[in-house]
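Questions regarding the structure given below will be posed in turn.
For clarity, chains are labelled A, B, C, D, E and F in written order, and residue numbers in each chain start from 1.
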Amino acid sequence: MTQQFARLPDLILEPMVRAALMEDLGQNGDITTRAVIPASATYQARLNAREAGVVSGMQIARIAFHLVDAGLKVETLLDDGSTCAKGDTLMTIEGSAASILSAERVALNFAGRLTGIATLTAGFVAQTAGTNTRITCTRKTTPGLRIAEKQAVLHGGGYNHRFGLSDAILIKDNHIAAAGGIKAVLTAAKACASHMMKVEIEVDTLEQLEEVIATGGADVVLLDNMDTATLTQAVAMARGHVVTEASGNMKLERIAEVAATGVDYISSGALTHSARTLDLGLDF
Amino acid sequence: MTQQFARLPDLILEPMVRAALMEDLGQNGDITTRAVIPASATYQARLNAREAGVVSGMQIARIAFHLVDAGLKVETLLDDGSTCAKGDTLMTIEGSAASILSAERVALNFAGRLTGIATLTAGFVAQTAGTNTRITCTRKTTPGLRIAEKQAVLHGGGYNHRFGLSDAILIKDNHIAAAGGIKAVLTAAKACASHMMKVEIEVDTLEQLEEVIATGGADVVLLDNMDTATLTQAVAMARGHVVTEASGNMKLERIAEVAATGVDYISSGALTHSARTLDLGLDF
Amino acid sequence: MTQQFARLPDLILEPMVRAALMEDLGQNGDITTRAVIPASATYQARLNAREAGVVSGMQIARIAFHLVDAGLKVETLLDDGSTCAKGDTLMTIEGSAASILSAERVALNFAGRLTGIATLTAGFVAQTAGTNTRITCTRKTTPGLRIAEKQAVLHGGGYNHRFGLSDAILIKDNHIAAAGGIKAVLTAAKACASHMMKVEIEVDTLEQLEEVIATGGADVVLLDNMDTATLTQAVAMARGHVVTEASGNMKLERIAEVAATGVDYISSGALTHSARTLDLGLDF
Amino acid sequence: MTQQFARLPDLILEPMVRAALMEDLGQNGDITTRAVIPASATYQARLNAREAGVVSGMQIARIAFHLVDAGLKVETLLDDGSTCAKGDTLMTIEGSAASILSAERVALNFAGRLTGIATLTAGFVAQTAGTNTRITCTRKTTPGLRIAEKQAVLHGGGYNHRFGLSDAILIKDNHIAAAGGIKAVLTAAKACASHMMKVEIEVDTLEQLEEVIATGGADVVLLDNMDTATLTQAVAMARGHVVTEASGNMKLERIAEVAATGVDYISSGALTHSARTLDLGLDF
Amino acid sequence: MTQQFARLPDLILEPMVRAALMEDLGQNGDITTRAVIPASATYQARLNAREAGVVSGMQIARIAFHLVDAGLKVETLLDDGSTCAKGDTLMTIEGSAASILSAERVALNFAGRLTGIATLTAGFVAQTAGTNTRITCTRKTTPGLRIAEKQAVLHGGGYNHRFGLSDAILIKDNHIAAAGGIKAVLTAAKACASHMMKVEIEVDTLEQLEEVIATGGADVVLLDNMDTATLTQAVAMARGHVVTEASGNMKLERIAEVAATGVDYISSGALTHSARTLDLGLDF
Amino acid sequence: MTQQFARLPDLILEPMVRAALMEDLGQNGDITTRAVIPASATYQARLNAREAGVVSGMQIARIAFHLVDAGLKVETLLDDGSTCAKGDTLMTIEGSAASILSAERVALNFAGRLTGIATLTAGFVAQTAGTNTRITCTRKTTPGLRIAEKQAVLHGGGYNHRFGLSDAILIKDNHIAAAGGIKAVLTAAKACASHMMKVEIEVDTLEQLEEVIATGGADVVLLDNMDTATLTQAVAMARGHVVTEASGNMKLERIAEVAATGVDYISSGALTHSARTLDLGLDF
């Protein structure tokens, strides 16, 4: 079983959920519910999975229900990171019918998207079985939702790449060109980088990789858009010198083959930008 | 050609873009670029389409580049709502290389996602050719990005459903059950609704539709999860009484058939929650 | 008795109340109270009406007291929408004297203004007795307080017009002129408007009304600044075609006469921009 | 001519104006204008007074137009604090018709309300002609608009009382009671108050005033709800000892009589909570 | 014992603490703790003084722990304003180990800095023993932390000068020069200032002081950068006319001598900008 | 010469400066300046160093002046990171006297504090001359000002440690204890940490250091509170295995001796929490 980071404090996620609720409620709130649901009506609602997957977004869904009505009784049956089968109940919500209906769409929009990401990640991870290769996401996340989507990748058994531009150095082809080559760029990066910042550099060819190793200059090398044969060579060259990450059009059907090269990490933007929303629903 | 709403004032979109930039830049900004790109370096960058589609997100991309550096010269060649071919340049950006690199990912994350939505919407719209049926989105949007995604639907030739819970009444099955039936729920809704609020009600059967028409009570009826034969009947019954909207698992391959029933609107959550990100890139 | 929208979630109103408290408390809080009121002092305070009216702002007053001190015990005796007589107690607040004094002015500023609006609205509504005419407000609200003032109109038995520029289309004379006439403007509006947006158009003359009806193009027609005889004709012409709204200098003393024309709605900016603050006070 | 505080930096007013615009524009902006006004249409608009008064809100109106469209050319003809006659043009705005229409209502809502306050204040001030009595407002302002309304009082020739609970000490009857009498409360206040905080105390009777003077303890005394004869006596007693402020139901028609007592300040909550909105309009 | 202002409502301090927590937690929270601390682990932690001083920041520390985890049990043993000895426990915190570790640094950063300010202030105050001279701070506070630092000055037995530019008038040399001399500047200030605003003026010489007294124009005079002999003369001249404040390089070792002149206030920017952080630590 | 990170985009710093200005300006702005400075008055102001040091805060000072008045002409003569002598002019500001006076204190409060930090850091760095030891800060920064203070450390020639809890793993004694020892804690950390996160662990003894090296488990080891002899041994043991950081009471007078041990980094909280504000002033 994968070791997991423990849950984030609600403090971090709450502003995102609050903003989503305000976006949906508008100035005048849920006018349908306000017009037709008796104030005394109560529900016992179940958030159910209409298909199998890996759960994410339950912490956020709970925050959403409680921001609308702190009096709702919310119980999470399958926590973030759990596997769910079709028909499983992930969460139960009891209390004011009006409150539950007003928060429903926001809770489902988050949970469906995040469960989709966790499920897709788990599919990638499954393809690495029997290897030490880890699956990781990128910065190709939905604007405003990065922390939630990065959490969903963890829930699916993946690892997180940089959270943003400021927590590690990742030198890409444009940086190399502008700085005057691999040696120059690594020298500049190392002069600035502190001992707490990782430095990764992207290479497209084995020659570039050789130069990186020769300069002794990076924590991680990103092997970009290489075919499997080249990747295999690159991994062999890098072993003992630098951690390897394969990137570039890493489709699900190719993961097993790439993992077999022994590469340390496979990164995929698709995990966050192209995951299919999982079908979840609220039943009363 | 479709009549389009004119562009939103930047004022409305700016907070969303600013938040996304802060999320990506973190406290310490783009440390790679700050370490290795000379302050005097400049770029002429082109935002290019790597596949064909319908453009959206150009206004947002422009705002992103200008928030990072008001001195960048940004020119939009293919504005939101335009069709683009593979290889087309959508926008050119000139100025500080460091500024362009620091804003690049946020601009692309927005533009790729929104162009994906516009393109998928245009695909739906194309299936309605020769009919009066209109394609519309739902509230199944990405939390925090609703206005941008709704705009993208317009750019693709679609129409917008409610922007949130407060701008129109949409009575669903739970509301009907809680209020004591169709007649009761419509009476309650009409007692509250002003002359500036539309009222829509969801029906699953022709019997329910008949009851709605008999009470004379809604502006729009949502025909949920009906097969095409039933839809055809429903549209005939509703004609002259109430605007019709077909909903429920409206996949691209079924749209032409559904449009042929004469239904006024087809709504699909997939337009916003399941559009594939279009492949856009910044070339220097 | 009027059917009413149920209460908004506190989530929507809280930011407005919090901002008002911060405005009044300043950086250093209630320095008078902090200097002279013993920390252990407690009060049993009553929010009393010093004149008769229709109550509004009680939900907001409760939020204000609880934001300053969640330990205060607040009980609402006459809820928003109730009628109060001079001397009636609307709310009781028990607990820390310092907390009650610190929140007092903000609670009263909201409640006095909102009760004033509800009371004035109820005065307008009373003039429509025996007719089907409804009273509605406009967008002439206090900047920043729109939702609270629109709620107060509901509490007084009125209806709400648009909440803002984005929830319905209202075509005014300038729009007609710029777009090239009534037919052109309605064609453009309908091409953009979805099935969930109402379209209203302002007319000044019976000729304009006739043109609107002939084009079959609006949900509502705003009859602007007409004398009662003209209004009567207009209402007759519009019946069965379009909902009617009379507007323009609708003073209290003219409401009964206008309602007698059978117009569907009478709108008045004065409800929100010129209501007299009702005299409420906190007694200890 | 009254000496005036110079204009505030826009920085302070902008958040209030921005919030009001967002409230009015909603997520989807001015859909009417976006649907029917050609993007190329331009206006030369004039903000005109439809009745005479004292101008306020021009700085705010300018900020509103510029937040919606920095390209608008805005010229203020009659600045805040000027007197205007019926028909006078206060401001001209040139540029995109769509931008002007989108900002119009917010600009007018602010300017109408603030000009109303300035005008009412000027009416009070006029009643004090030939005396040294100054007119001042209170904290009975519209929640969220305090700084704008206090500015409007200045524009009308009045003075500002406290901006909030933290910038001066004002001891009211409840404070006196809770602290154990006038002497005790003044002792406590003086022990806390620094040399930069004024201390005012409310008295209802001449006996209380005598006690205040005897303790030598306040900068200002608020003479609450006294008839004119009593006020005259109070002012005589206080002269040379403490600044005097008359308060409590200070209606316009009584101001001249009260000013004749020689009182230093007359304060009135009505200036801000009950001013009539002045009729301003935008003409094209 | 010094009379103290009672505690501020948490409402005022919470945004500052929340912002500091977000700054420290980042998007991904305390990843060390999330990786290695079992979710079920609990602590009994003590916030201890590692040196003697005067306590401040306990209210803020409590808010910090509770924002991260409302379930933590926080007990303040030595409240703000208390004296502590080396080794004293100021606060105990019980509950989730992960929560306590995540909030620890922010709580300590605030408390260490504020206790440092309170302690330094108390040192100044001790030098005034046997006189009526009061110690006061300035506006030379840490940007964003003014209210917290001003509170710490109170906790140390000092007084607060202005909270900002808007709560009192303080005329400095540049103002005098620009306005055309002392008489002109005081006339202008008095024409604007209301009865609730104090007016202070800075003088550098006895001649200037004489002119201020002659015009009868200020509540307080700031005696800037005078030697003790001159200060003594100035205080004598000012007695009965105007409150005196000595300022300019007021080091701890000079305070007793300055206080002996009989000056009413001594102000020092060093209290807030140069206080040494007190050594506090969290022990488990 | 030290390689430096290039300047941050203003976007990142602006909210901090805006908040500081709002804190100082209050609701009513700079009332002294508004009362007495003629609107037409202009200044040529110079921001001068009254003592020698290393400059920081010039970017922030410029933002402050421009937020108050975009029309001010601000020229930076000695940019952040420069050395200044007593009397040097760092920046010139020309334009409205009122605007300059209103922004002065905030600009100076930032610049004085940050220049103090840069200067103190440079003092530490000077002690490491002739070695490869680098000076680094900690998370003991002023709440809310972390990015500005971390920048100031860079300007002084130092390096930055973690920006917050989420950008690298730092295992302290409490983590070791709670996780069950060094091996267990490093195993848990490595299971969670991605390839882009550094892992540092604190050790107090050579035995602990040996265990860390034996497990092969960290990027950096923090040698806490060791005497110089022990440090020397530790550095020798760690060479080739793990980067070393010396911490714990690192006073200026001890830096040269510690650097002579060959340790890679020396970290000091004093750089940010105990730097003396440098004396800067605005001259007109």
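Following the convention adopted for this analysis, contacts are C-beta pairs under 8 Å (C-beta built on N, C-alpha and C of every residue); 3 or more make two chains touch, one makes a residue touch a chain.
Here the structure is a predicted model, which is why all the values come from computation and not from measurement.
Q: Going by the touch criterion stated earlier, list every chain that contacts chain B and also contacts chain E.
A: Looking at chain E and chain B together, the chains touching each of them are A, C, D, F.
Q: Relative to chain E, which chain's C-alpha centre is the most remote?
A: Using the mean of the C-alpha atoms as each chain's centre, the farthest one from chain E is B.
Q: Suppose you list every residue number at the chain A-chain C interface; are over half of them used by both chains (same) or under half (different)?
A: different
Q: From the C-alpha centre of chain D to that of chain F, how far is it in Å?
A: 45
Q: Taking the mean of the CA coordinates per chain, how far is chain D from chain E in Å?
A: Those two chain centres are 32 Å apart.
Q: Between chain A and chain D, what's the gap in Å when you average each chain's C-alpha atoms?
A: So the centre of chain A lies 52 Å away from the centre of chain D.
Q: For chain D, which residues are shared contacts with two or more other chains?
A: 3, 5, 23, 25-29, 31, 33-35, 37, 102, 146, 160, 163-164, 166-168, 188, 191-192, 197
Q: Going by the contact rule at the top, pick out the chain A residues touching chain F in the complex.
A: So the residues of chain A touching chain F come out as 2-5, 134, 136, 159-163, 166-168, 188, 191-192, 194-198, 200, 219-220, 243, 245, 264-265.
Q: What residues on chain F touch chain B, complex-wise?
A: 3, 5-9, 11-12, 146-147, 150, 160, 163-164
Q: Mind pulling up the chain C residues that touch chain D in the complex?
A: For chain C paired with chain D, touching residues are 16-17, 19-20, 23-38, 41, 97, 101-102, 105-106, 109-110, 112-113, 139-146, 163-172, 174-175, 177-179, 185, 188-189, 191-193, 197, 273-274, 276-277, 284.
Q: Spell out the residues on chain F that touch chain D in their complex, using ranges where they run on.
A: 18, 21-22, 25-29, 31, 33-35, 37, 39, 67-69, 98-99, 102
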